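Have a look at the structure that comes next, please.
Letters A, B, C and D name the chains as they come in the text, with residue numbers starting at 1 for each one.
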Amino acid sequence: MLLKFKRHYYPFVARRLLQTPLSTTGFIMRKKLLIDVDCGVDDAQAIMLALAAPNVKVLGITCVHGNTNVENVCKNTLRVLKACHKLEIPVFKGADKPILGKGINAGHFHGLDGLGDVPDPDAPGLDLIQKEGAVSAMIRLVDENPGEISLVATAPLTNLALAVRLDPSFPSKLKGLFIMGGNTESRGNTTVCAEFNFVADPEAAFIVLNEYLCPTTIACWEFTCHSKLSWEFCGTWLSQDSEKARFMRQIFAYSMKASESERLKKEFVAGTGLVSCDSYAMAAAIDENIILESDLYPLTVELTGTYTRGMMVMDTIDILKKTHKIKVMKKINLDRFMELMMDSLK
Amino acid sequence: MLLKFKRHYYPFVARRLLQTPLSTTGFIMRKKLLIDVDCGVDDAQAIMLALAAPNVKVLGITCVHGNTNVENVCKNTLRVLKACHKLEIPVFKGADKPILGKGINAGHFHGLDGLGDVPDPDAPGLDLIQKEGAVSAMIRLVDENPGEISLVATAPLTNLALAVRLDPSFPSKLKGLFIMGGNTESRGNTTVCAEFNFVADPEAAFIVLNEYLCPTTIACWEFTCHSKLSWEFCGTWLSQDSEKARFMRQIFAYSMKASESERLKKEFVAGTGLVSCDSYAMAAAIDENIILESDLYPLTVELTGTYTRGMMVMDTIDILKKTHKIKVMKKINLDRFMELMMDSLK
Amino acid sequence: MLLKFKRHYYPFVARRLLQTPLSTTGFIMRKKLLIDVDCGVDDAQAIMLALAAPNVKVLGITCVHGNTNVENVCKNTLRVLKACHKLEIPVFKGADKPILGKGINAGHFHGLDGLGDVPDPDAPGLDLIQKEGAVSAMIRLVDENPGEISLVATAPLTNLALAVRLDPSFPSKLKGLFIMGGNTESRGNTTVCAEFNFVADPEAAFIVLNEYLCPTTIACWEFTCHSKLSWEFCGTWLSQDSEKARFMRQIFAYSMKASESERLKKEFVAGTGLVSCDSYAMAAAIDENIILESDLYPLTVELTGTYTRGMMVMDTIDILKKTHKIKVMKKINLDRFMELMMDSLK
Amino acid sequence: MLLKFKRHYYPFVARRLLQTPLSTTGFIMRKKLLIDVDCGVDDAQAIMLALAAPNVKVLGITCVHGNTNVENVCKNTLRVLKACHKLEIPVFKGADKPILGKGINAGHFHGLDGLGDVPDPDAPGLDLIQKEGAVSAMIRLVDENPGEISLVATAPLTNLALAVRLDPSFPSKLKGLFIMGGNTESRGNTTVCAEFNFVADPEAAFIVLNEYLCPTTIACWEFTCHSKLSWEFCGTWLSQDSEKARFMRQIFAYSMKASESERLKKEFVAGTGLVSCDSYAMAAAIDENIILESDLYPLTVELTGTYTRGMMVMDTIDILKKTHKIKVMKKINLDRFMELMMDSLK
């Protein structure tokens, strides 16, 4: 089945597909991405998607608490960059706690260290982390590239919330925002009704959905479940003969095993499979045409519910009279998505 | 299309279909129903479904605030009984307010009087309402028929909540409970995230879902929308040449028109059509075999959310560790349902 | 000091003091009280205050969950009546749970059985409890004595909340309502910010403060602490040579000991001492002139706070624009109060 | 009365009074203060207290939304510095909104511009505001003076909350923190139960009370009311013949008039008078010996209450098991306080 992904015609066709603009000098203008991660295995997959995309330039990666503590997130991000031979991309350390200061248990789906608990003795050291803080760097980079940067957030949104509070004009200087997080049908994967990235910092999610008025696209939990890839594809994907694929096989083993647990089976809406959540938001940032169907709704976040704190709220009946609407992904071009995934481990 | 509903073989086949037990003396034992309503048009449709079902005996109808105030609900219930020539069924007046005392605006989907604002000068008077209160009557009737009564609740659950608080053993003496209310995917029809019957008295819904440990079946908002009947069927249904159909045509005109409004179109999940919400719970009470697919989940209600107060909470990942699970209707035998609907206006 | 309580001039002076009206036939009209209790030791003290007051007629005592379960409350109430030779007063069993169904731990300040864990082998049996339920009896008694009954509530307000929901006209037929519960300065004795009677059923307290529009007087936690009696008085009070005093010595020993614990010392605002909370509300019902100072404020109850659920809310700056104001006791005639207390054990 | 405040003996006596340490070189070591304000009239009074204190060095003033928008706060602060001839003190602009982004109405107690609506045509321009942001400056200044700076916060605590989220070690590098805000007895001055500075950013107050583990002293609303100065003193204070006093007369006229309104009279606990709220926190920072009585309690903030959101929560009965306790001011040396006030306008 994957044979149809032959790519020898690239970049002629791809340029059209990806709508990558030619600059006036004839060079391909690459999309500038800033990536905010809590680098667990799914973030790693998303980062690798971006690093492999020829139309994308990653200006920096900012780290935040989430799947594991922010120190581990920094280390994991460096390991991913090393596996991709891209250690020149600057990595910044951000918030170690959610806005209110009280973290939740990440549940260790990706292992205690967030990257499958397969330590690398030759992993890059934290001395490679930039001295500048993540929030400061986000503001600076966007100031240096006004209107050009797409921010891809695949983690609790603490850094983004702090950025807009420190610089209210920050969102307006973004080209776009792509988020993995939240849920559309109250199907929780961490608490009864809430998805991990949102419930790990509900206040941050609230701030971002209400104050980032730039064009925003969101890949929510149920959507990613409904867009899962088969274990068969996963096998093909992982069995590629490459350094990246070997790295992914190592770090992904833990989560694949965890997927078989009874609890995880309940979490996954519509059955398990390869649900690389963060990669859907990244794929949309790389190639917006990959979105085949979406809704435009005002979104916010429940902060005070007993069972629903952190749940994304989608105002389908326009009760809140909000003008800012967010593109909620409903259907993705799975062939194209698998293509991006395959390329990411090549 | 409806020709396939030929019923000349009834009751021989029906008895099997309906699993109506023969009593030891050879007579058909009829199901004993107690119906709790906030008699708007959809409650009227549900009541008429029950009154027309040959295997059902309605022991009483209890009234509660909801679509309109409890006095109107009493009047409307009497008008329905009159249209069906069943004024011998006792009607009881219940709570005029939700548990916390602060009602919400019903939005008048069914007209100001709840029954399409087509007053009947010959309507029965409130003197026909029983002197005994609804809650007291519920407790007494169930005491007199222990284990035999199915309670069908198509309204805010205030009366049921008061009944269990006054008599903690009340739920255990029911045969079963059938509820129309709540939602499974956070699609609100009254507030952003909540369905009318639940948000009209969240505390009552909370009490009932947590303390009625009898076998319970629930028809939630999204399910009823997904199970809507076509306007074509609606036309056939209403154009029957009968007193009941004429009555329904009159009282239903207002709501049918309202369905065309922009707001209502947003409320209805998956497009409009004939969504006789309350009739789904009643149909299940009349004939449990009508349910083709269902989930069993612990349910509760969010009481404290800013956007989610009154939202039904479905614990799909077993966070709450509750042992009592409720049958959540997912798919109904639509042919059988249309049959019951057609019969109800014959 | 107590010598000044000589009462040989009674009833001539007392009639004036107590403002007990003479009926047209020249007989003293006694105040009709209905008492709602969760009979712990302090309720017992309050009941005995009423039973000893010559100007009072107790029409009935209704029981509710609180200091202990409702069965114990019934038993304890019967024991108090027996000790006072008043078993002819009817006792009714009410709600066994708060409105939302989830009780809190009473902390056993008055012992596991609520009455100091000194069981009486000759205690009256539960067969003496009336068949009629408490809420039904409250409604009936008030219907039979419209405008004449003062309701004294020294427990979680569940029964009162149910009464107004079943009969919305119930509060308007009361002469007055006297409550022990709530707090005025966020000094909690059970949770961080809430007083026991209120936090044991916040929804009931909310309903009563918002829907009982009859003249209402409340003795809150901080007030009772500031109005404590000295241990010296307590000694004199308990050492009276009477059956009642002997009974009180027995049941009160446990709580007196408990008062010395570190936790209890923190709970009591302004130091410990004899804080017979419930007796202050009862004293005001017996003799309103005992109140020397009070505020009139709109009151309500916080239902949704993380730390403040169940806290009484006093709207001193008129934000809520409520017209119904409640008399909040600030200062009591302590001499008169001690007199009533002394008499209660005579 | 004020004659006793003669200060010609200074600094010999004052040094002892103020416990100002002599450095090893014999010079008086001045206390280093960083002041965070939403510069309304009361902040102006507090700032002037600090500027006049000989034992104090103000390293900078950070501005935040509150009494008025942050631009006005910046302007007002510059005007105060100009009136005191201290424009060399750097002023930094901070957050323009509370953490969650939704401001409350300040009610304009201090006028629309926060400084009595008496514009100064020669006011310093915003170009005097530092380029560096307030939060960045706070972190830098404290880094440059580890363990030496006392932070005085007389505004919504947004800047402080952001500082600890950006630099988790920030609080541990402070010498101390002095806050005006919150309430101890649920007496609200802005909402039913909450004080302005806290309810203007409840999340920030929560973060600061829970994460600033440095020695912290708080002057709450009720305390400041109970410590009010007489209007007579106010007259003497304002009638001093100085530039500063003339400035204060101008900007204070609006608030003094407002104090006479019915609403304001209700807000002030224990009657009106000169309640220069922010000055109490500043006075404690200048001279801790001014505090005659205080409590040590764990504090937090209610975030989710309907009536109590933003209310300070004081855990008097140790329910929360928090080890960090905050000094809650109860009684101040009013003579010394009046002395500081008088000096501030000299």
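Things worth noting here:
By definition in this document, a contact is a pair of C-beta atoms (placed from the backbone, for glycine too) under 8 Å apart; a residue touches a chain by one contact, two chains touch by 3 or more.
Keep in mind that this is a model prediction, so the values were computed, not measured.
Fewest steps needed to get from subunit B to subunit D, stepping only to touching chains, is 2. Using the contact threshold fixed earlier, the set of chains in contact with both subunit A and subunit B is empty.
The chain with its CA mean position farthest from that of subunit C is A.
With centres defined as mean CA coordinates, subunit C is found 43 Å away from subunit B.
Note on chain placement: the centre of subunit A and the centre of subunit C lie 60 Å apart, centres being C-alpha means. For subunit D, the set of residues that touch two or more other chains comprises 303-304.
Here the touching chains pair up as A-B, A-D, B-C, C-D. Subunit B makes touch with subunit A in their complex at residues 184-189, 191-193, 263, 266-267, 300, 302-309, 311, 313-320.
Residues of subunit C that touch subunit B in their complex: 95-97, 99-101, 133, 135-136, 158, 162, 165-166, 168, 203, 206-207, 210-211, 303-304.
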